[in-house]
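You will see subunit A twice below: alongside subunit B first, and alongside subunit C after that.
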Partner chain A sequence: MSRQTKMFGEKAFDLLKELERSSQTIPAFDDDGVRQVLEEIKAIFEENVAQASSYNASGDRSLWPLLNFRHAALQRNKRCLLAYLYERCRRIKALRWEFGPIIPGDIKQALCEPEVTFFNNYSKSLAAYMCSAGYNQGLPIDLTNNLRPPKSLYIEVRCMEDYGKFELDDGEVIHLKKNSQHYLPRAQVESLVRQGILHHIA
Partner chain B sequence: MSDVEDVPETQLEIDVSDGAGLEDEDDDDMEQITAQKVLEIIETAWINEMCAPEILPSQTDMLELMVSQVAHMEEQMRDLDKNDFRAVVHSMELERVRYIMASYMRCRLQKIETFTQHILNQEESREPDDKRLSPEETKFAQEFASNVDEYFHKVATQYMPNQQRGEADQRIVTPNLMSHVFLKANVAVPAVIVGVDDEEVDMAAGSQHIIPYQLVADLIQNNQAQLI
Partner chain C sequence: MFVQDLRNDFYRQLVGKRILIVVNYDIDAICASRILQALFKYDHMLYTVVPIMGVTGLKRAYEEHQGDVKYVVLVNCGGCVDIVELLQPADEVTFFICDSHRPLDVCNIYSDRQVCILGDASLEENIPAFETIFYDSEGEDEDEDESSDPEQQHDDSGAGESDQEDQAPRSRKLSRLERHEQRILKQRARRQWESERDRIMFEYTQFSYYGRSAALMVFELAWKLSKDNMDLLWWAIVGITEQLLLGKIESGAYTLELEEIQSHVSRLTNKTNDQNTMSASKITFENDLHLVLYRHWPVTESMRYSRYSSCQLKLWTLRGEKRLHELLLEMGLPLVHARQTYGAMDLVLRKEFFSMVERLAEKYDIADIVYGTFTLSYGYRSRYAAADYVYALLAIMESVKKHKTPEDCFLEASDALSRQHKQLLSAGIDQAKLLHAAVFRQVQSSLEARQVHSAGSFFYYVLQEEHAFFSYPYALGLLARFLLRGHVATSRARQAPDLPLIASCPLNASEGMCLLVGIVPVREDSPRNFFGKAFEQAAQKSGVALLQDFFEPAVVQLRQSDLTRFLDSLTVLLA
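So, the complex of A and B:
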């Protein structure tokens, strides 16, 4: 039995540690780890149920600490597992703010299917909120813009890739070519800067 | 605060243009203060919201006024020469206002996301006039809560033994209301109870204090003090 060489809850804790230590935006969903923890929970639970019934039948008080201990282990497993999921939730939310309503392909691979659903639903409610936040003006307020206090109206940017034409609010069309530098209104190019197409130079 | 809310919107729109000096300078002093006041209220609400551990009553009316003012100012800016010095100043000011509003709403959303269930429970026990969330925020909170629950259920809880599934109330995150905040008294407040042993402190107008949030929460809501 492997459980004799391993402490309860170790796997669940590993899940959390790994997530915490990873340097990626979001590491791949640890399908295997989650399943192992769930199995452990189930195993502990079944053992407890079996012993609880024998405890009820015999009234043997010596079983009591063991039952309590298992229950604590079970709670801990559950807590670690949910903390793992919650932290991923948090990072997925951050993705929405950073990249907008579409998940970049390489990150999408790290998510499991319920997580993608979560992202889409979150994105939808956020968009709905932003639309209604314009009140009766019919103008949605994009909360993902204006992330930093404005220091100046215009910023100097360098173009990191060939983006093509970009039309400003006043109708002026700018050709964004790789390595070209521009002096543009901050509000309108902020999202491009965040996507990494433009690079803000001091 | 209430006297500002009663001002008809059309009047306020005139204020903005006057206050901003986009039109002829025939401004009325009273009106100018009103436009300024809305911004001031929003600014205070924003700072309070950023500093307070719990969610504060939403300033829906003020935001609504501000949004329409911003829209109105934008309209007027369009007629202005782009290289006019005033245009630059005004659009900078607009940017700042927009940032404050966006940051204010973001901050509230963040609190809603963190304390979802706690806030929803509290809202339920409040009278309709007393609600802290705007209808849009309530909707967002509910959607968010069910969203997270659904995700937890799909990935984990549905595979757990029956008795372990519930206990959702154990997962409720509550803000720490006893965390210390910096605050400034707007008016003189006598005999504020601080600490557990009913110790009292008189706050002079304009004085600054560090104090656990819960003890002064009502002062902030009555606008007798503000967080800094």
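So, the complex of A and C:
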């Protein structure tokens, strides 16, 4: 005869495990799970309130550890929830740096409304900062372009796979064939380097 | 046409333009292209580097990368073929050729503006004069026109003065006869001129040899632009050392270049400020030994696997081994130390190694083992001779595998030249050790089994199945040279040192193609190779389909089944 005892904080732990499993992408916002945790918190709180008020009436101190225990469980649930939400927000911020100001559709489905609002606000703040940082030239500096500060105007790249023809800004057409080495202006080939078609030779 | 002032006529033309650099598959070319790339980076000139292996590769690369490119630099390729005819370029495209292969194609030399050859025209030998090879055929056409015109005029002008008519036919007849004779004389003269031209061209293209190293030429350009530094100088040194080690130039020419390079070395060493620190990068000139990679190997092994010492001491026989032990004994080098890696020997022994070998060189008949070369040292541990670099790059270039295409190997070799990728160089040195050990084993087994056959006027050696190492031109060349020297050392025939060697190895069993390499005889000091022309003529006579694709004319490909027929016709030709 086995009794299935339900521990406090299990559901919150499940939420975090789910998040840990998909460490790079953002899983769908577990609306249900969050609501369950919130309900659990509420239930524990109600129990505690009931017990505290009964204490006020009876003055019985023997159940104080139980009060403390429930309070600890409450706090643990709260911490797990906050960690869950914060981790998601962190990944959303990273999204902005990787993908740009528009969220791809399939990721957008995984976010809940407030998270989308958060993303937009973050985008706005970043854009304002970039504008202010470049106010000397009058143009915003696109900080998301290079993760490391660029050292030169031109870079030497090696072609990793056959890409075909690539046109530069001044009209020159470069034929990108596997294993050919080129020396090209940085700004225009950055996207190809990011995609992995060209390999930057340090 | 020749371009001597590299700075103004070559470099200044290219500033600000987009350039296509086509590089041949050899070490000198890799070094030259690295120096060129460094120069172009200074001025932010966009360039594209494409490695190729033979004439078909050149054509394919040009067709693919044509685009908008107006300036093409060919490094160590294309000097000996008619570029304009081969590639059919547009009129605005200009080619700059920096090639160490000789003889240069006459169409390239006498081209007006499209093809510019970097180099000094006065240093080239035996270039036929323009009049002797290109016939000015306009004069003859005019004559023909004249001879037909008056006849037409006569027909047209029916009415004319009778006097003139009477006189005109007579003078016309005379002059027609005369003209006929003149035409015959001219035709005979023309035929004579043509046979003379064929003779001159044959003499010009008979021997293929190598001129000045391309890397050295580009380094001089860097020097004139004041953009040279130690790295570029080191690459130039590797380029010219490759020419010496692979037998492309003779040691006399190499020694001449050494003086100039030494002046560059002293100038650049005094320029850098930190020459007092131990770990600064330094290039030093010293007399070194012709022992392959001896700083990275046990002494016994490097003695055994180096062609010169091995053949003089005959180290593949038992007696040779004993002589080697005698030599080590006299040098005072304990066998225990000699069998360990050079770096693990006692410091005292290492310091004295060179002087001891030099002292005993005369006695053991290995006098030529000492030669002047350069060593690069940087950091506390790295110390490489130029020869080490050459062999390492060679091994990397020929390490083509299933998933590693020749272009990958080319790029890896190019990377290994820079000092950041030291592990690539070490991997190359390891690979080179395997290559040399394999060469020695092959030579030993072949000489013992007497697999080098004589065909009267040359030796030939046929490998039966494809080999991981020897299916590539340079490795096969190394093997062939070692084999020829070894055979000459062991054979008692009087004319052995005068006979050349042809070695062949199958390329891949599925297609049935095999690679053929011709090596000059041992006694010949100059590496002038007549095999290019000889192969061509033998192929013509015997009707064998020969693929002379590589820019080295002494390396060809043909079908395995045609091999015997080809060798027979070659025997007849050279007899």
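In this section, the second predicted complex is superposed on the first by the 145 of 202 C-alpha atoms of A that agree within 3 Å, B and C clash if a C-alpha of one lies under 4 Å from a C-alpha of the other, contacts with A are read in each partner's own complex, and residues count from 1 in each chain.
As a working rule, contacts are C-beta pairs under 8 Å (C-beta built on N, C-alpha and C of every residue); 3 or more make two chains touch, one makes a residue touch a chain.
Everything numeric in this text was worked out from a predicted model, so none of it was measured.
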Contacts of A:Pro149 with subunit B and subunit C, given as first, second, both or neither
first
For A:Leu184 in the superposed arrangement: first (subunit B), second (subunit C), both or neither?
second
With both complexes overlaid on chain A, does A:Ile102 touch subunit B (first), subunit C (second), both or neither?
neither
Which superposed partner A:Leu66 touches (first subunit B, second subunit C, both, neither)
neither
For A:Val173, select first, second, both or neither according to whether it touches subunit B, subunit C, the two together, or no partner.
second
Greater subunit A contact set [subunit C / subunit B]:
B
Contacts of A:Leu126 with subunit B and subunit C, given as first, second, both or neither:
first
Would you sort A:Ile41 into first (subunit B), second (subunit C), both or neither based on which partner it touches?
first
Just to be sure I read the superposition right, which of the two partners does A:Ala50 touch: subunit B = first, subunit C = second, or both, or neither?
neither
In the overlay, answer first, second, both or neither for which of subunit B and subunit C A:Met7 touches.
neither
On subunit A, the footprints of subunit B and subunit C overlap at residues 153
Subunit B to subunit A touching residues, read off their complex
63-64, 67-68, 71, 82, 88, 91-92, 95-96, 98-99, 101-103, 105-106, 109, 113, 136-137, 139-140, 143-144, 147-148, 150-152, 154-156, 159-161, 163-164, 171
Can you list the residues on subunit C that touch subunit A in the complex?
18, 37, 40-41, 44-51, 64-65, 67-68, 405, 407-408, 410-411, 414, 420
For subunit A, which residues are in contact with subunit B within the complex?
34, 38, 41-42, 45-46, 74, 78, 81-82, 85-86, 89, 93, 112, 114-115, 117-118, 121-122, 125-126, 128-129, 132-137, 139, 141-143, 145-146, 148-150, 152-153, 170, 186-187
In the complex, go through subunit A and note every residue touching subunit C.
153-154, 156, 158, 165, 171-175, 177-185, 202
